[in-house]
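The two complexes that follow have subunit A in common; it is paired with subunit B in the first and with subunit C in the second.
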Partner chain A sequence: MSAATQYYIATICVYVGVNVIGAWGLDLQFGVTGVLNFAFILFQAVGAYTAAMLSLGPASASGGFQQYLFGVHLPFPLPIIGAMLVGAALSAVVGLITLRRLRSDYQAMVMLVVSVVATVVAQSVIGLVNGDAGLSLIPNPVMGLTAFTRQQQTWLFVALCAALMVIVGAFMYALVYSPYGRVLRGTRENEPAIEAMGRSAARARLQVFVIGGALGALSGALLAEFIGAWAPSEWLYPETFVFFTAVIVGGRGSISGVALGAALVGVGIQQAVQYMPIGSNPVVLASMEWVITGLLTMTFLWFRPQGLLPEQRRRFARRREREARALPREQAVSR
Partner chain B sequence: MSEDDGALLSVRDLARSYGGVHAVNGVSFDIPRGSLTGMIGPNGAGKSTVLGMIAGAIRPDRGSILLEGQEIAGLPAHKASRRGVIRTFQAASVFPRMTVVENLLLGVPPWDGERLTGALVRRRRWRGEERNQIDRARSLLERLGLWSLGDAYAGELSGGQKRLVEIGRAMMSRPKLLLLDEPMAGVSRTLAPTIEALIAELRDEGMTVLLIEHELALVERLCSPVIVLGQGRVLMQGKMDEARANPEVRRAYLVG
Partner chain C sequence: MAVFISAVGFGVVTAAILAISAVGFTLQFSVTNVFNLSFGSVMTICGFVAYWLNHGGLNIWLAMAAAAVAGGLISLALNELVFAPFIRHGLNLFGMVIITISVGLIADHSLQALVGPSFFAYTARAGRAFHFADFVLTRQELAIIGIALVLTVLVQVGLQYTRLGRAMRGLAVNASLARACGVPTRRVIALAWFVSGVLAGVGGVALFLDISTFTATTGSEFLIVIIAAAVLGGIGSPRGAVLGAVVVGIVTEVGAAYWNPELKDVLAFGVLIVVLLVRPQGLFAQLATERALAR
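Let's look at the complex of A and B:
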């Protein structure tokens, strides 16, 4: 396999991993708990910027060609962990303000506004994250491993993403398939009822907001380290809807479904567009991606709202003796 | 403490208005321990607002609600619920895309296994407890006649079945005070007697229940005492035949 092909495949693998981790974060909020976080992309962006600033070192060190709030040079995996912590902290702040008092449709509107305002701030306050130009030369943790070739380094990063995806996936299953997850789904299904049964819906929402924000930040950190650059154009508010489409197409609340949806929507559409007979004008190709994403969302909401791999019905094993006793009656009911 | 030792719940001078309209205007009554108290009154009398305030869903403007001598007025719904005040809703309120068994499991008062940390560590510890809860839920389903529907989504059930699930969920919590908001609303004729019998059973088992209803017949068959509400005030409190004889009550029903 040529080096270019290898790099192409590795890139797709990293993008799948990053998208799946991010989509799981949104799935926990929107799919499982019903929080309409229209600012999701902001938390991916915060993770990307934080990881960049925690690995770039002081702005003056590289000749001051880019400006940012502060910078240190921390070894792997601290920039990634730091990104998750900052993502969680920012989620807690935004969540505390928006999730407690407002009804969920207003929450969604406020989130959208937060996302747009954040972009404008990042673009216009140059000293924050270098404005529209964004941050570049973000070090990739595998580049320091001089014992390996460039290609091997790339595959090492793929392995890192894969490992993190497996860990986050296991974490998602543990969370969602537990009594805790049941309260989250109850919050999604019927807020007055879950409150009437003694559970605080506001608390459940805030918790998944923070956890999902940390997962979004993790995906952003990995993405920024892989690309080596991060700018406002990467995280304009419509990007959030790519994640929403992934969750809706895959299956809200379904962990495997959302992984599939993230791979198909986050990476698949972009790749498919390249092979369409619509020329190679990048503007047309990019617009085509949005058109397909939007159509997919609408198609699924109309015809298959449960998604490709719907959320599983939770069945609990019955005690054997009771099963034996109830068998005749059950047969009578189901013919 | 309330003056009457037998009262589980004492409501005093409770009031709530919406934009100048006094939905509830200085209501006081007691719910005796172990009673099935009925609250009747025409539409707009303020029954649901009273229930909402006891359950914490609606914040009272003034007044006091003592549960076993403890003030619960103004507590948010989830905290009132933790004190043992469990309600049902006028439109049967289930978790539609969760199974019937899961609906009942959410009736169990908040417990350790539901914590975020519980989901990640010491999973063995809650597994056993959860299994006991599932067994309890299944035997309750047997009693409710819903045994075969345990794995069905609650949203797929009929109105009456949903009502049974909702009352079953409340029973799972072993409430101190059960608030039933028009339990026959949306229930078909075939299931209405089942639900009525269930409520009578709960009464006979000694559960304290406040039942809100605008149909007099059901309250007459089940409840004692009754509280009659009209235009945000208590018109009378006592036995049903006294209520029927009361001229003020008659007028309220004719007018309402």
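Let's look at the complex of A and C:
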């Protein structure tokens, strides 16, 4: 295989990994718990910027050609961990403001406004994250491993993404299939029932908001380290919608489904557009990606709202029989 | 002081455009409970309809009227062909938000593929400038303010005193009760979408006139400010939307005069957050529980 082909495949692998991790974060919020986070891309962006600033070093070190709030040079994996912590902290702040007090239809709108305003701030306050131009020369942790060739380094990064994806996936399964996962699904399906059982739906929402934010930040950190650059144009608010499409196409609440959806939507559409007979005008191609994403979402919501690999309905055989006898019309809390 | 007053002048123009659009956005929401995030795209399409007519030689105000009709028809068609079928298909409130975003993205990007990423402008003159003390407003700006006043008053009077307005308010409070009382809900909903589209059309052309250059995504970008104004006033309340528009319009333009102009929308957002923390239901609306989608 030529070096270019290898790099192409490795790039696709990294993008799949990053998209899957991010989509799981959103799935935990939207798919499992029913929190509509229209600011999701903001947390990916925060992760990317944090990882960049924690690995770039002081702005003056590279001649000061880009300005940012502060910078230190920390060894791997501290920038990624730092990104997740900052993502979680910001999620907690946004979540505390929006989730607790507002009606849920207001929440969605306020999140949208938060996302847009964050972009405006990042673009116009140059000293924060270098404005519209964004940050560049973000070091990739594998670059330091001089014992390997450039190609091997790329594949090492793929391995890092794969490993993180496996860890996050295992975490998702552990979380969603635990008793706590039932609280989350209950919050989505029947909030009064969950409250009646002494669990706080508001707390569950805030918790998945924070966990999902941290996962979004992780995906952003990996993406920024791989691309080596990060700018506001990467995280305009419609980008959140790509993650929503991934979750809807894959299957809301289904961990394997969402992984499939993230690979198909996040990477597949972009690749498919390249091979369509619509010319090579980059504006038309980029527009087509959005049109296809929108059409795909609507098609799935009409024909297959449960997604490609639907969330499995959990069965509790004996308990269900017992309840069926006790209650003529049972309320399905766990699905 | 002169800076402040002229900034207020700009603010009034922005508020007028915002008021037209926010009333359209919020009226349709109050009747149907669908958060229509494709509203900005309808504004853009109407803006381009007016652009094509205007460059075909039509006076900009006549083009605006044509765009208003186009907006009403597009909005009506979107409801009949997309939104209403999805609601009957059993989609919930959040599903509908996703659908309206999808429609908005499809519309914006189809338009972008058609017209390209360049900037466009009408061939209209701002007209003579009028001075009122330190206010300086062009004839065009005065016309926009006048149109906003007429339209918002019309909507308010219509809601208050006509049969249709009563039906719309009835639907806003309780759709199934309204239907049980003999309100033809489907027709009222269709009319609400039409009126909302007309306001989107006028708002879109007024916005594009005011900012003078526009692209295929300008309307959707402005939608966020419209939402801020509508939520500020209490979503679903046309009166509140006007008040929210005035607050957001004046705060942003005064902020732009004294602070970084690029950050003016951040100010509007700051006001929104503060108000929502103090009064989660917005300035006007009652603290209602979430309602079902009106069919």
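List of remarks:
Definition applied: the second predicted complex is superposed on the first by the 315 of 335 C-alpha atoms of A that agree within 3 Å, B and C clash if a C-alpha of one lies under 4 Å from a C-alpha of the other, contacts with A are read in each partner's own complex, and residues count from 1 in each chain.
Going forward, contacts are C-beta pairs under 8 Å (C-beta built on N, C-alpha and C of every residue); 3 or more make two chains touch, one makes a residue touch a chain.
Remember, it's a predicted structure, so these values are computed and weren't measured experimentally.
Contacts of A:29 after superposition on the shared chain: neither subunit B nor subunit C is touched.
Once the two complexes are overlaid on the shared chain, A:104 sits against subunit C while remaining clear of subunit B. In the superposed model, A:190 lies in contact with subunit B only, and not with subunit C.
Legend: residue contacts after superposition of the two complexes on their common chain; A:154 is shown touching neither subunit B nor subunit C. Legend: residue contacts after superposition of the two complexes on their common chain; A:301 is shown touching subunit C, with no touch to subunit B. When both complexes are aligned on chain A by C-alpha atoms, no subunit A residue touches subunit B in the first and subunit C in the second. Every residue of subunit A that touches subunit C in the complex is listed here, in rising order: 34, 36, 97, 101-106, 108-110, 112-114, 116-117, 120-121, 123-125, 238, 241, 244, 248, 283-284, 286-288, 290-291, 293-295, 297-298, 301-302, 305.
Interface residues of subunit A, counted against subunit B in their complex, comprise 171, 174-175, 178-183, 185-186, 189-190, 192-201, 207, 311, 313-316, 318-319, 322, 326, 329-330, 333-334.
By the touch rule above, subunit B contacts subunit A in their complex via residues 55, 57, 76-79, 81-82, 86-87, 89, 93-99, 101-102, 105-107, 109-111, 113-116, 118-120, 123, 126, 130, 134-135, 138-139, 142, 147-148, 151, 153, 169, 173. Residue ranges of subunit C in contact with subunit A, taken from their complex: 35, 37, 82, 86, 89, 91, 93-95, 97-99, 101-103, 105-106, 108-110, 112-113, 116-117, 221, 224, 227-228, 231, 235, 260, 262-263, 265-266, 269, 272-273, 276-277, 280-281, 289-290.
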